[in-house]
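So that you can tell them apart, the chains are marked A, B and C in the order they are listed, and the count of residues begins at 1 in each.
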Amino acid sequence: MIRQSKKLTRHIDRSERAFTFILTLSGGFIVLLLLGVLGTLFINAIPAIREFGVFFFIARTWNAASETFGALPFLVGTLATSFLALLISIPFSIAISLLLGEYYKNGVVSGFLRSAVEVLAGIPSVIYGLWGLFLLMPGVRFIEMQIGVAPQGVGILTSSLILAIMIIPFSASIGREVITLVPGDLKEAAYSLGATRFEVIRNIVIPYARSGIIAGILLALGRAIGETMAVTMLIGNSNFLPTSIFSPANTMASVIANEFAEATGVTSASLIYVALVLFFVTIIVNIAGAYVIQKLSIESSREVT
Amino acid sequence: MVNNIKARLVRDVFFKSAICLFAFISLLPLFLILYYITKNGIAVINWDFLTSLPRPIGETGGGVFNAIVGTLILIVLSSVLSIPCGIAAGIYLAENKTGRLSNSIRLSVIVLQGTPSIVIGIIAYLWIVGPLKSFSALSGGIALAIMMLPVIVKTTEETLKLVPYHLKEASLALGVPYYRTLLKVVLPSGMSGILTGILLSVARITGETAPLLFTAFGNQFMNINIFKPIDSLPYRIFYYAMSPYPEWHSFAWGASFVLVVLTLSLNLIARGISAKWKIQF
Amino acid sequence: MENTVLTVEGFSACFGDQKILHNVDLTVQKNVVAALMGPSGCGKTTLIRCINRMHELIPGASVSGKMSLLNEDIYAMQPIILRRKVGMVFQKPNPFPTMSIYENVVAGYKLNGIKMPKSEMDGIVEQSLRKAALWNEVKDTLHRKGTFLSGGQQQRLCIARALAMNPEIILFDEPTSALDPKSTAQIEELFVELKKSVTMLLVTHNIGQAARVSDFTAFIYLGKLIEFGPTEKMFTVPKDKLTEEYLTGKFG
């Protein structure tokens, strides 16, 4: 009996150790995966880094034939499209978050609005691009004709519009969460002083939820910067520095999508260099957003206890 | 004084109307998109469209059968590659709340989750397509698996954290070894949440195009060999949409309809599971 | 002694630098109910958790002294083997939410991967549920989830789960503190019935409960075993002044 139980426990010990090992291995794999992604990008970008260095980002010529590569047009394209998209989306996402987090916390209206926003978030990027191509583009072209600029239809404005639609669900859902976190007694205090709902929102809700709303906007920015397909289909694929919001352009993501499959040698390395920078920018934006949210949730849990 | 109050109330009503208006406007694109997909999609969808292969331009008819099969193969591949590792890493995080490795994993999950899909496409290209010297379903599956992984880790961790400690105690007190307690008591108790997370991440990668551009690539013929290029619905939509032919444009709408139905039903199933199978502790 | 199930000698327990139990001595005979009572935080729960070594799950826990189950040193055994011989019922009823009533009863076998013929398993389920006075209430719904039962039924299900393993002793950690008075009474009646087949160690902060169901009572205060003896004797002529003050409600 004793010998048998020893055998049993030895077997269990072994399984226990194997199980812990598998868990640790899988966890470690995630970290290795990230390091591998970073390392691979860096190593493969080395030829371009060596050739162009930091001047890569201020040089404005991208020419595969003469093998001169400067990423300024794409940097400008990415920044212009994402910030324009952010600007367009902010009033809408704040409106939705207030509606869901303050005016209609539950009930038919909020249920409907919330599932609509979820559906919006679930539509694939390529379908946004398709829709933009056949509906948004003619619309923008019409406007361009009215105001007398070259009616191309594709370009920074069109891409920003589609990006704005795509990021609204993200900032709105985070905004809703932080707005529902605003303590009820604070609002009640203001109401008891005779404030209207608008005044409560402006003086209590918004200031209280400000950092969370900013975090939502940051995460939406991260998405806009990395968004590829819809932008690739609508931006016009031009490697020249854009001159106005109507110009065709390329973002960092779209130039990779357009050119990487056929690229070789330095061209390929330069595109990987672009990817490396794109990766770093999104890392910074995402970590900043995650940090703000984490700090926020710690603060609110501290208030509860 | 009376005027002042009136002005404040007017402002209050005005603000609420503005909010409602803005929210309504932001839903407009959704209805337009769904309307266009349905209208243009239904027009081309029939049995032939779902069950035949693309035909060269000039011939009428043709369909997206290979793209549907390809998308399913890619889903299976990426799920097989990501689910076991994702769940295991999620268990690790739920079991080790602090510690250096846990913190590194959490940070990596945040970073990987925010990584642009096109960058992941490049990675799969450099890791798989380059060495094997061919675009392949496998490389596409790996790219999509990298996208699924952080989502699965996160949902597993969050779900398992909600499993009450007293269940673990009950099992341990019966003399059940720790690993069996995790596998047979804790994991099943969190299963509905984990399954929901997996389905939501599958729904997300089903519509991804960017990571497939230079991995799975696309293939107008039927292929089930994972070492060969393979077609997928999102890639087919992209390909048709960017072509100059109106007939192909309508095919793009048809494929979009199929894709949206697929992703939305995955979303619905996921929601159904989390509502129906929710375990009462 | 032939009849001794559990002996505790000079036993101390610490979490980190905090000493929870000081030098406890205790002997529990076969087929009795022994109650551990004392004000909350006195260490009584820690003491029973040391018996099935559940305290080891808390980082920083350490013990010294001796504990043996049927003359076998508890701290020389594998915890897994030990816990199969020592049942435990917790404060909050905790049936497994993913399992049916039937599966819950035989969870100890199922989770440990012990296989047996279905007829044998059916036998164990019926016998354990009968012993836990639950059989008549659930015999037609054996394959429903255990979480559909009422709190008191859930707790009796947990008792059946512990009984199914045929333990030498069952530890009860304030088993009725989360239950309504009626369910509490049912479980207290059950103790008397169960005494015929199994030894029980009951932690309670309810003096009345200790008086009603136990044969022996230990009074623990600030980590020390103040007094241990037959319940009747202790409640009528307590030896220690502290015990008397506790029993008369001067503190606790």
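Rule of thumb we're sticking to: a residue touches a chain if its C-beta (ideal position, glycine included) is under 8 Å from a C-beta of that chain, and two chains touch if they have at least 3 such contacts.
This one's a predicted model, so the numbers in the text were calculated from it and none came from an experiment.
The chain with its CA mean position farthest from that of subunit B is C. The pair of chains sharing the greatest count of C-beta contacts is A-B. Each chain gets one centre point, the mean of its Cα atoms, and the points for subunit A and subunit C are 55 Å apart. Measuring from the averaged C-alpha position of subunit A to that of subunit B gives a distance of 16 Å.
Work out the mean CA point of subunit B and of subunit C, and you get 49 Å between them. Looking at subunit B, one finds that residues 177 touch two or more other chains. Within subunit C, residues 80-81 each touch two or more of the remaining chains.
Within subunit A, the positions touching two or more other chains are listed as 12. Within the complex, the subunit C residues that touch subunit A are 78, 80-81. Against subunit C, in their complex, subunit A makes its touches with residues 5, 8-9, 12.
Touching subunit A in their complex are the following residues of subunit B: 8-9, 11-12, 15-16, 18-23, 25-27, 29-30, 32-34, 36-37, 84-86, 88-89, 91-93, 95, 101-102, 104-105, 107-123, 125-127, 146, 149-150, 153, 177-179, 182-183, 203-204, 206-210, 213-214, 217, 234, 237-238, 241-242, 249, 252-253, 256, 259-260, 263-264, 267. If you check the complex, the residues on subunit C that touch subunit B are 52, 54, 57, 79-85, 87-88, 90, 92, 94-98, 107-108, 110-113, 147, 158, 161-162, 165.
On subunit A, the positions that touch subunit B within their shared complex are 12, 15-16, 19-20, 22-31, 33-34, 36-37, 40-41, 44, 91-93, 95-96, 98-99, 103, 113, 116-120, 122-131, 133-135, 165, 168, 196-199, 201, 219, 222, 225-229, 232-233, 253, 256-257, 260-261, 271-272, 275, 278-279, 282-283, 285-287, 290.
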